[in-house]
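After this come two complexes, each holding subunit A, first together with subunit B and then together with subunit C.
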Partner chain A sequence: MKRTMVWASMLALGVAITVAAAATAQDDLPAPSPIEKTLAERAAHVTEVTLDKNMLAFAGKFMNKDKDDDKDDKAAKEMIQGLRGVYVRDYEFDKDNEYTAEELEGLRKYITSTDWSPMVHERTKGAKEGTDVYLKLVNGQVQGLFVLDAEPKELSLVLILGPIDMDKIGALGGSFGIPKQAVKDVKKAQKEAGK
Partner chain B sequence: MRQREVSATQTATWWSAALVLGGVTAAMTPAILLAASGSGGGFDSVVRGIETRYHVHANKIPFMGLMSLVASHATHGGVHSIHVAEIEHVDGPVDGMELNALVAEHMGAGWQRIVRDTNRSGDEQSLIYVKPEGERLGMLVVDLDHAEMNVVEISINPDKLSDEITEHRHGRDSESSDSKPGDKPDSDESE
Partner chain C sequence: MEHDERELQEFERKLRMAIARREAPLGLKSRVLAKARERRQAQRGRLWIWQRVAATLVVAAVLGGFAEYRHIEEIRKGEAAREQVLTALRITSRTMGRVQERLADGR
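Now for the complex of A and B:
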């Protein structure tokens, strides 16, 4: 009987650790996908920015303290300090279309899992270029944002994890390596969704 | 009898000396080995690694310790220490992946790469690493611009530095408003 209790306790502990590890892994920034490596090899210019929770908390401290009195700016700063990670990859190519539709699909699948919902999928028929915006919704709250922007000679991938106030998303454009275009895409998607 | 006592005392002294020497050697060995191998991580290790790999010589800026003290005083602890190494004649293209791996290998524990900017021609490479150090943040930048490479390590206190910047901004704003009351502040400041 005692032995059964010990085994049951150990099993419960194991399950708890596994669940906790899974929850943590979900919050973590992803390891670079193999596709990113091949894209980097082909690109003429590569920019990679990876900021985890600690770094964002530090970065938030550098934000303009003058604007702390402004409610909106303070809220934006708090949002940034509450984020769990920012992951940006930007690939610039010498020629048009140096990436394939399969690679784009692979990147989409690699980043987005069950909790992610497509917000915008903008494509011109027959062209690879376009914009994808995905939101990670947990209990109705935005807990992640993924933007994949494919231009003929440039491919940008932005992943933001953590609670996001969509009204304050503008504060992230141009900061932490996040292209302003990605934020514009999100705002455009918001407008489209609101129609 | 007395000779035996003297001999025993001498033996004890020898043993004590040997023990102290052994202890000191044991304590120093890891530090010596670490210093010799350059695996202690951080600025010096990265610079040595680059020197060895690319057969170049790094010019360290003299009196940087003094400058760090001045900077620390001037920023009220915002900037803690600065190390700069300037490397010239980095001839030939530098493979971005290789430089990245080299720096990562020599950085040591706790450092995290936040930015990597690289081009295929190999003449422009930038790496930024950071390491939280309690209230401070260590930052190491490796920047290659054609044949010139700079390695900079700096330790900053974001809170104090931000306060300092804010204070200066206020000072400048009030100065400009005193001198030209009608003038608008710079557009980048007002953003």
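Now for the complex of A and C:
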């Protein structure tokens, strides 16, 4: 009996650790996909930004510091508050369509798991270019935004993890050039997804 | 002549007295050695103080330099992180703009 209790306790502990590890892993930024490496090799210009929660908090300390008139800093600081990670990749190519549809599909599948809801999936028949927008919704709250935008000579991947306040994204409109309409569309989709 | 001889004898007598071996006063050697030791110790003491002052200054300069280096390094890293955030948000806004344009074109 005593032995069974010990085994049961160990099993319960193991399950708890696994669940905790899985929950933590969900919050973590993904490791770079192997596809990114091949894209980077072909690209003429690559921008890679990976900022985890700690790095965002650290960067926040240096924003809007003695720069009261810097709107970008102020808006960015408000935007990153509470975020768990920012993962951005931008590949610029010399020639058109230097990526394949399989690579785009691979990136989409690599980043999005079951928690992600597709919001926009735009493709033109016969063209590789297209746009995908996914939202990670937890209890009706946006907890992640994934955008994969494929242009003829540019491929952009944006992954933001954490509670995303669409009003704050709207506030970026003035300083970072995000069109207000895009924010409205996202908020509308968020409401529909919450229903 | 006789006078000269007497003077010479007197001189020799004084000379003998002057160069005659005499015992040193009691305790002179120990007093001399103690005095020499005292002087050496005083010199060593002054040198030791200056050495300590110099060592303290060197340690303070090294620690201060290290602290300043850490501070500058932190500012540099912070500014780099800030730049990365701004770059990420610029790319995000550009991408969102393109998405919007694409969706608007599709309407």
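Basically, the second predicted complex is superposed on the first by the 154 of 195 C-alpha atoms of A that agree within 3 Å, B and C clash if a C-alpha of one lies under 4 Å from a C-alpha of the other, contacts with A are read in each partner's own complex, and residues count from 1 in each chain.
The rule we apply is simple: contacts are C-beta pairs under 8 Å (C-beta built on N, C-alpha and C of every residue); 3 or more make two chains touch, one makes a residue touch a chain.
On a predicted model such as this, the values are computed, not experimentally measured, just so you know.
In the superposed model, A:80 makes contact with subunit C only, not with subunit B. Of the two partner chains placed around the shared chain by superposition, subunit B is the only one that A:46 touches, whereas subunit C remains out of contact.
A simple residue count on subunit A separates subunit B from subunit C, and the partner touching more is C.
In the superposition on chain A, no contact is made by A:114 with either subunit B or subunit C.
By the document's definition of touching, of the two partners only subunit C reaches A:160; subunit B does not. By the touch criterion stated above, A:133 is placed in contact with subunit C alone, subunit B being left untouched.
Overlap of the subunit B and subunit C contact sets on subunit A: residues 47, 49, 51, 55, 58, 61-63, 177. Those residues of subunit A that touch subunit C in the complex are listed here as 47, 49, 51, 55-56, 58-59, 61-63, 72-73, 76, 79-80, 86, 88, 90, 120, 122, 131, 133, 147, 149, 151, 156, 158, 160, 172, 176-179, 181-182, 185.
Those residues of subunit B that touch subunit A in the complex are listed here as 96, 112-121, 130, 132, 137, 158-159, 161-163, 166, 169-170. Listing the residues of subunit A that touch subunit B in their complex gives 43-52, 54-55, 58, 61-66, 177. Listing the residues of subunit C that touch subunit A in their complex gives 75, 77-79, 81-82, 84-100, 102-104, 106.
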